[in-house]
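In the two complexes below, chain A is the common chain; its partner is chain B in one and chain C in the other.
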Partner chain A sequence: MRAGEASRTRVNARFAILAMAPAWIFLAVLIGYPLVTVLVDAFTHSHLINRTVSGFAGIANFEKVISDAHFLPAVGNTIVWTVGSVVGEFVIGLAAAVLLNRRVRGQGFFRVATFIPWLVPIVVAGMTWEWMLNPDFGIINSILTKTGLVAEPINFLGDKSWAMATVIFVNIWRSFPYYTISFLAAMQAIPAELHEAASLDGAGAWRRFWSVTMPQLRSVALIIVFIHLIWTAVNFDFIWVMTQGGPNYATITLPILIYRYSLQQYDVGAASALSTLMLVVTSLIFVVYYRVRRRLSDEIVG
Partner chain B sequence: MSTATRRIAGKSLTYLLLVALCLYTLFPFVWMLISALKPKDEIRARTPSFFIHSPTLENFVQVLVQHDFLTYIRNSLIVSIAACALSLAISLLAGYAFSRNYRMKAVQGTSLAMLVSQMIPGVLLLVPLYITMRNLGLLDTYGSLILAYTTFVIPLSTFMLSSAYDSIPLSLEEAAEIDGAGRMRTLTSVVIPVMVPSIVSVGLYSFITAWNEFMFGYIFISTDSMRTITPAIMLFKGANSVDWGGLMAGSVIAVLPVALIFLFLQKYFISGLMSGAVKG
Partner chain C sequence: MRKKLLVTAAVVSAGLVALTLNGCSGQSGDDAKTIELWTSWTEGEATAKALDPLIKKWADDNGYVVHQSNFTYDQIHEKLIASAAGGNLPDVVWGLPEYVGEFQKLGILADVSKAWSSWGDAAKVSDAVKSAMTVDGNVVGFPYETTVRAYLVHDDLLKKSNVAVPTTWEDVLAVGSAVQDATDSSFYGLTGSGVRSPQELLVYLAQEGVDIADPKDGGGYANTWNDNPDQLAKATEVFQFYADLMHSGAVSPNSPTYGWEDTDENFATGLTASFVTGNWLAERESSNPDTMGDVSIHPIPYPSDGKPATYLESKPVFVMANSSSLDASTQLAEQFASEKWQRAAFADRSALDDVTTDSKWTKDFAALQDTGVTFPPISLGEVTQNMQDALAMVLQDGKSAREAASWLGDAVNQSLADSGDSGN
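And then the complex of A and B:
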């Protein structure tokens, strides 16, 4: 019997290893290996097409990246883009979740309708808004001028002072439903008795939201905010599709710079150095997340 | 009396805000459809109108036939279905080990590796992935996209399927084993059939992720006949910067499959997402 148990465990273990093997192969070849390559290439002279360029570069690639005239503006833009998007998504996502959590007729329809932007390809979201915001034939400028809100049509994506706000706006439109659905799921897990007890104690809706609902949403909020900080900071699609970093570099962000180094200037070393810098920052954000999360768990458990 | 009035006011405000919310989320789609059905001269009207004087399908015919969107759709379907099937096969296996052998060191290590890999964004690996695909001779083939899309959905698919396995009692497998079925047999003929709802929602997630992806499709594919639909829309705009009717028709086409899937299967989809979302 004992020998049988032991061999059964061994068979189990062997099956588990075999079952995970395909996943390992994919992750090793397409994430692990490229990751190591980035870290190595960052310190190497390397050209995408001309293979005679080679050799140890020391920190020359990093120097090139940091002294690039577009580097500091790109860092600034990346921060504005990331923080602006995440704050907007959080506020609208939470407000929508509160609305959709109320008992109303047509609740199912409203939930589905709210969720739809998240399903469309980023290209489609970008193009559709670009068309609606078009200064000559766009519906939004037409409404704005007709109602007298603005005197002249605004060139939302072509004007340096509007472009960043516009891409952030479109990103918020596409991304906030993810917050909504996460918050909604968390709200439904809150026991109804908590709300009833607070009501009996005379707490109004506003008070109940802050002292009953919000504390229960903290851990979900923490996860989605951190995930989106990273996802947004490294997002290439939105800005590339709508402005390609323009007009006049007004919306250039770090992922756009990586693209320019690698596939326009073919400088693999510089692109890898910039990727490495971003990986370091991403890891730092991760460390902060773990710290905050641990503190939060301690608080919740007591 | 006054509380009743306040309740009615509150209800009306809720409805008002909900309608505003839907207007915000849905209006772009309405406008996309209206624009796609307008003839050229109405598109370029000084004051755009909601009413279409002479609705036409010319934009659709033009993008589908003249601009080869039929090819792009076919390419996108091939790549997305292949990536969906491949990632399901891999995650069904790995998720099984995650659920049933969670005490093993190797399982915990793999789980951590997947968690970390999910946080490594594709754009940072852009260059080495491009070079890897070139070395494998996969640039400009479906293979490059299928491999990339599969890899990037494996972690989340595995986690979602692993929690689906958790809800299936071990006794089901033991019964099959007593009947003499091997592990693989048990898995494919006993366990997997009862997980169909979870498999559908995970499969939809992979399909939609692959269908919507832009960056890899834009970078790995340079031959027009191999192009998928998302980069095709971007390039169409670059080449026909004034043809907004065509562009909106292309957008309608790109949204259609996802919208149809979602409308028919939204129950699966939302519940799957919600369970995934809570766990993070």
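And then the complex of A and C:
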């Protein structure tokens, strides 16, 4: 009997290993190996073109990155880009969810229409907005000048004082539906009795929103805000498509700096060092998320 | 049942491993009768329609299978550099002249000098084009598409402004905002950012007689501006020309951030009255017939104490050195540059002097080929970024022309040192 149980346990274990093997292989080959390579390259002199560059670099790559004149501006831009995008997406996504949660005629149409920007591929969205915002033939400037709102066309993506705000705006436009769909799903799960009870206690719409709706959205808000903090901070394609980090580095962020190290300067060591720094920061964000999430779960469970 | 599951899981795992490993290798050239070809044409357009059957026929005649994949040039560039690091390359590749130096340093280009010597059409190619295919004394490609830049003018807009076609920088600056005032279109155009802005800057530097990097006696390249006051003065004049274009009102105030898409669109729609660009604008005659009917083609204005120059873009088709079908790959590459294939697919942009059309877009451009200049065969990724940054110093940050020229000289030398192009 014991021997039979042991044999069954061994077979179960073998089956579990075999069943998980595909996932392990993929994780090891597609995530583990590149990750380890990046960490190793960060401490190595590694250049794609210059074969004379090789050997252990110590912290030289990190020193090169941190002393780069574009590093601190890129850090600042990454923070502005990330926080600006996530705050804007949150506010507009929540407002849209509140509106779409009301019973109005054409509710279905408005819900579908709201999600359209999120369905547009990033490259298509970026290029379309780039043409719409063009100072010479873009429709936005045409409307602004014809209606007399501005005297001269605004070079939204070519003027340093406008460029970052513009790419954040376009990113918000494209990403807020993700927040809306998440908040809307959470709102529809809030029992109607809670709102009725609050109304009977004399709570107005504003008070009901803050005291009934918002606490019920905490969990979903936490997830999407932290996910988007990481997604936005490491996003490369949106800014690359619209400004390539310009004009004159006004919108350069850390992922674009990594691209420039690797595929313009071919300095894999520096690119890996900066990638490692970003990995550490995004991991810290995840740790913070995990702790906040656990505290919130404890509160909800009581 | 359990045994069945175990076997299924084992088979799936083995299959996934095989798929993964297969994805990591990918070199089809292991099969000596297969040639992996990377091109960059627009699917369904005339070039693709003309070349597709020719490639198939060549493959059938020679007993090869040609696996053709289509990418943008940027994709080809990045994929080749990544593939070179992994030792996993195709056989024949369409490239840009800017890639010659980098790919040669990577050691991935086959030396096709011998094939060039015995190539029947070699005598029909200009020295400038052959020079663009040559690095370290070796020919590394065949020219499949060749164009130069010219100065395009909307005659009606200049006539309306009572302005003659300028031939020198001084003429351009003297016009100032006269065309803008009379027609609401900018007079001249400049590209302040993106891939075309370093090409424009290279031409203006060549017109002043200075190079972005010169070969050194002991090997390698260097920018000599900061060691040579005369060179620095000439480079400064170029940046001053850019600054003066802005201050005189000859160009749009938005020019500092224009890329090639903006500048070509502005010229095609008549928002810019004159501009230095390529003969691909010919296709805009059909898309913008109202504004493109009055276009005339001229040499690019140059400084009165300088010389004419234009940007020669002769695109090489490369053969990869590690190709397992090296001879056949070289033959295929040669075919792209051959008279038959050039007439079929590149009649309006051929390096062969007897392949041409009657269109002004071919003849008037070809007439400028002798003054063509190209980038030196160095790694250009960071150097061209340096050139854009120097332009931004003058056009966006208000720095002086001398400051920008001096900064660029040092920045280029740093980039050459980083890429190993400085020699020692």
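One rule holds in what follows: the second predicted complex is superposed on the first by the 281 of 302 C-alpha atoms of A that agree within 3 Å, B and C clash if a C-alpha of one lies under 4 Å from a C-alpha of the other, contacts with A are read in each partner's own complex, and residues count from 1 in each chain.
Throughout what follows, a residue touches a chain if its C-beta (ideal position, glycine included) is under 8 Å from a C-beta of that chain, and two chains touch if they have at least 3 such contacts.
Values in this document were obtained by computation on a predicted structure and should not be read as measured data.
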Overlay on chain A: chain C relative to chain B, clash or fit: clash
Which superposed partner A:Phe26 touches (first chain B, second chain C, both, neither): both
Chain B versus chain C as contact partner of A:Gly58, first or second or both or neither: neither
First, second, both or neither for A:Asn155, with chain B first and chain C second: second
Which of chain B and chain C A:Lys146 touches, first, second, both or neither: first
Partner chain(s) touched by A:Leu48 [first = chain B, second = chain C, both, neither]: both
Touching partner for A:Gly246 - first (chain B), second (chain C), both, neither: second
When both partners are placed on the shared chain, which of chain B and chain C touches more of chain A: B
Partner chain in contact with A:Asn134 - chain B first, chain C second, else both or neither: both
First, second, both or neither for A:Ala96, with chain B first and chain C second: first
Touching partner for A:Val234 - first (chain B), second (chain C), both, neither: first
Colliding region between chain B and chain C, picked from 6-14, 42-50 or 132-140 after the shared-chain fit: 42-50
Doubly contacted residues of chain A, that is, touched by chain B and again by chain C: 11, 15, 19, 22, 26, 29, 48, 134, 136-137, 263
Chain C contact footprint on chain A (complex, rising order): 11, 14-15, 18-19, 21-22, 25-26, 29, 47-53, 134-137, 155, 157-160, 244, 246-248, 260, 263-267
Residue numbers on chain C that touch chain A, as the complex places them: 2, 5-6, 9-10, 12-13, 16-17, 20, 24, 78, 81, 84-85, 102, 105-106, 193-194, 252, 254, 256-258, 262, 265-266, 269, 271, 379, 381-382, 385, 389, 392, 396-397, 415, 418-420
Contact set on chain A toward chain B in their complex: 11-13, 15-17, 19-20, 22-24, 26-27, 29-35, 37-38, 41, 48, 96, 99-100, 102, 104, 110-117, 119-125, 127-129, 131-132, 134, 136-139, 142, 146, 173, 177-178, 181-182, 184-186, 189, 205, 220, 223-224, 227, 230-231, 234-237, 240-241, 255, 258-259, 262-263, 268, 271-272, 275, 278-279, 282, 286
Contact footprint of chain A on chain B as seen in their complex: 10-11, 14-15, 17-18, 21-22, 24-26, 28-29, 31-32, 35, 43-48, 89-91, 93-94, 96-97, 100-101, 104, 106-107, 110, 113-114, 117, 119-121, 123-132, 147-148, 150-151, 154-155, 158, 183, 208, 211-215, 218-219, 229-231, 233-234, 237, 244, 247-248, 251, 254-255, 258-259, 262, 266, 270, 273-275, 277-278, 280
